[in-house]
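Read through the structure below, which is laid out as structure tokens, and then see the notes.
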Amino acid sequence: MKIPKYVCAFKGKDFLNTQDFSQEEITQVLDAAKDLKEKFKSRVETPYLAGRTLFMFFYNRSLRTRNSFEAGVYQLGGHAHFLSPQDVYTPTLPEDMVPYKTESISDVARVLSRYGNAIAIRIYGDAAKWVIGRGHRVIEEFARWADVPVFNMEDDLYHPFQALADIMAAREAEPKLQGKKFVVSYAYSGGLKPLAVPQSEVLITTQFGMDVVLAHPKGFELEDSVINAAKENTDRYGGSFKVVNDMKKAFEGADFVYPKAWSPKQFVPPYSKTVDKEGASAYQGKFKDWITTRELLDVTNKAYYMHCGPADRGQEVTNEVLDAYDRSLYFDEAENRLHAQKAVMAMLMG
Amino acid sequence: MKIPKYVCAFKGKDFLNTQDFSQEEITQVLDAAKDLKEKFKSRVETPYLAGRTLFMFFYNRSLRTRNSFEAGVYQLGGHAHFLSPQDVYTPTLPEDMVPYKTESISDVARVLSRYGNAIAIRIYGDAAKWVIGRGHRVIEEFARWADVPVFNMEDDLYHPFQALADIMAAREAEPKLQGKKFVVSYAYSGGLKPLAVPQSEVLITTQFGMDVVLAHPKGFELEDSVINAAKENTDRYGGSFKVVNDMKKAFEGADFVYPKAWSPKQFVPPYSKTVDKEGASAYQGKFKDWITTRELLDVTNKAYYMHCGPADRGQEVTNEVLDAYDRSLYFDEAENRLHAQKAVMAMLMG
Amino acid sequence: MKIPKYVCAFKGKDFLNTQDFSQEEITQVLDAAKDLKEKFKSRVETPYLAGRTLFMFFYNRSLRTRNSFEAGVYQLGGHAHFLSPQDVYTPTLPEDMVPYKTESISDVARVLSRYGNAIAIRIYGDAAKWVIGRGHRVIEEFARWADVPVFNMEDDLYHPFQALADIMAAREAEPKLQGKKFVVSYAYSGGLKPLAVPQSEVLITTQFGMDVVLAHPKGFELEDSVINAAKENTDRYGGSFKVVNDMKKAFEGADFVYPKAWSPKQFVPPYSKTVDKEGASAYQGKFKDWITTRELLDVTNKAYYMHCGPADRGQEVTNEVLDAYDRSLYFDEAENRLHAQKAVMAMLMG
């Protein structure tokens, strides 16, 4: 077996945010993902992580992330442990310790570093107490103490593997992304959702030099640090970035649309003293007209429809769009999770 | 390594109900199971599913099914994901969707089809809201949308892998099944149990041309469709099928007895407007004398005792029978789950 | 690949208590663990358990045990099933059966023996109803019925794999253990904890001929059977064993200290009619000064600090000791769980 050059290429790095990597590095990841996807489809064996163990902590539910990581590391010859916080002594930040139920992340990260080869974490929402950034701090704390790579499987700020899978799907649809209009838009949902996906989408698309429009009602602003990073990306990689408050206007002439719910941050710390879920829900409820319909897609430039899944049918998007729109990348994005994650694992854990 | 001819023999088919296969096809499965059982015992490696992933959804508890599938696919070189509904966004029929807790089966089936090679589901009872047939509809919905084989690990109508393991155990005990009397009998339990096992037993035994007697108190009728299919089996494969309401009379001269609890269907939809668990329990409580004792076995033709397990001791069967009866197939049936399932996986997922 | 001689050396034995093995046999285990540790670090493949399945039942939470067993058997080429009692019909002693929720251990052990190659169980505390010895009886019941080796992953009497990892870490720190002073001491915690760790530490250290001092307040006596076995060990293997009621006096001149919480047994059956958790907590609360501090370590002979983890920070031990003491074996003990368990698995399951 010939080991591809990308195996071990980024050995020892963490993968917490796409923004920690340059466009060139992300492109290397996507090339590796393409190679692994082709090998998967043609049933070529890829045991690049034989004997390697991945520890996965899921503080939140997951279908795509869990199954694509577990199947992915197995397809690379490795093995994943599925860890629910209730099955272990919940790994916890120093200020959140509860005797006999929690264990310090510093201990957990150091112990697992002796048994295996990478630690992956998903944490946001209730699990991170709805304090924006707390979930990300949990993952940073793991990264601080672990001797092995740490992967962000979605926290309250970023969902970097989703961004990888999405840009991969966009490139498969349109090989040349520069000059293409990519719309990241709010779409209504009754549920409370983190900022992770829209923030990572804005970051990855500006990193690839696209003309990026972020559309949302007032009150749904992303973090300033993300907005600033997106602008810096346009300085570095070309393209453009602007924010508008009108879904339809944003969709006009778009080549890609990514309409997805997130929640207004003024109802949760640090922007509010308390977590006001009712307030957030009530505020969201004013924007039920931010729904992706067939008619809305007609104003685009035959845009590709994108969503990380699961999409809230009848809220974020109509069934008609989800089941019958012929330029939907919905399942391709999900599929690419597998290949993008295998690429990162092979490059960092190998 | 020489790959046996049965690997891939039924590629792409689902396995939802033994009745979807002919006697000849089921015999091919049993022959494959025999080969795999011998290889397991003599420690011959059988990596026929190397690199293949099985997704297992358990809406209900399981000891035999979960462990035999997980160990089985591993012994074939593959890997199983154990998925609890609470760990994912519960895959759900369109009419049962709960925002942010469920995801449509159509999406789940299509996403997982891109990551791996088969989907297996167990769902009955509370998980299927005690509406007879709803659990089976969940599995059919998976089969409708999945691009990979779907396996029924027991629903509210059928338990086809149990039937396979059982007919395999019966054939090991008596190579010639034709002309043998096989009794599927109700036996008392305080618990509410689905129709799956008795229905699959009636179907598989009539498919093998046995003289089949179904014994139960009034009110414990199986589904008409199953009764009709059993009769059609006798037309096609010989043997006979009749229904009686007397446990002892049924046992007289029997070569095999399969006394097992299920619940009366007139207390649940669609046969009742509501789910009346108390009514069902109270009705069942009248039939505590439907218990398998040593004395009852004395009226048989030295019958083999069969049960899918776990048997309710002191209700369905006495401890004496379960622990000391020398013609019990109880553990052989459990053992054969492993080999029968490995055969189906090798034939369908390979 | 050359198979080491230790593979299969103890084929068919159970591993329930280190005391079931002689010093010579334990030394063989430690030598195998050393070999496996070196091979792990130099990335030599060790597929000595290819095709073998380990069933793990966790009635209690676990970080180290679960992950070291699951990663360990995978590194040996095998596969582990993680089984929560709620996912199966809880395996239960005859007197604790609850219809439709539990299954007899005798059945579970016999069924799983047909699917795989070893059964491992963790059970203590609430899961064993706080009746001292009931957890151990559960494991003995598995061992009675299983045809495959049974492993004790910690019950209410013993934690033999912890003892193995600990004596391995001690030997790495000080190759000659004879003549060294080893202190097993009570240390305060608000939580209710089993006797397993201190009992297994007293047993393994006396088995290796050390000068062992057990220190605890009155009321924290270990089981008489353990005290007697420890004394017998000194007769057989040299060294000494005594019990004192003063933490500081015990620490004086010590080469190793193992300060760890357990709970006073007079508040639980069979030493009390009922389980009096409040009484036990209140009694424990009198001994908050039994904490391991930097000052206390100063009276030792530059002792190595040991603890099975997770240590209760600010109760059993100060953060300063846990994070900055330079002769702490805390993470080495955790690490050695992996290698000691791999050794036992290779010797018993192989």
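Of note:
By letter and in written order, the chains are A, B and C; residue numbering begins at 1 in each of them.
One rule holds in what follows: a residue touches a chain if its C-beta (ideal position, glycine included) is under 8 Å from a C-beta of that chain, and two chains touch if they have at least 3 such contacts.
These figures come from a predicted structure and were not determined experimentally.
In summary, the pair chain B and chain C forms a contact in which the copies contribute largely different residue numbers, shared numbers making up under half of all those used. Overlaying chain A onto chain C using CA atoms gives a rotation of 120 degrees, to the nearest 5.
Per-chain Cα centroids separate chain B from chain C by 40 Å. Multi-chain contact residues of chain A (touching two or more other chains) are listed as 82. Taken together, the chain A residues at the contact with chain B in this complex read 43, 45, 58, 61-64, 66-68, 70-72, 74-75, 82, 84, 189-191, 309-310, 312-313, 315, 323, 331, 334-335, 338. For chain A in complex with chain C, the residues that touch the partner chain are 50-51, 53, 55, 79, 81-83, 86-89, 97, 99-100, 103-104, 106-108, 110-112, 114-116.
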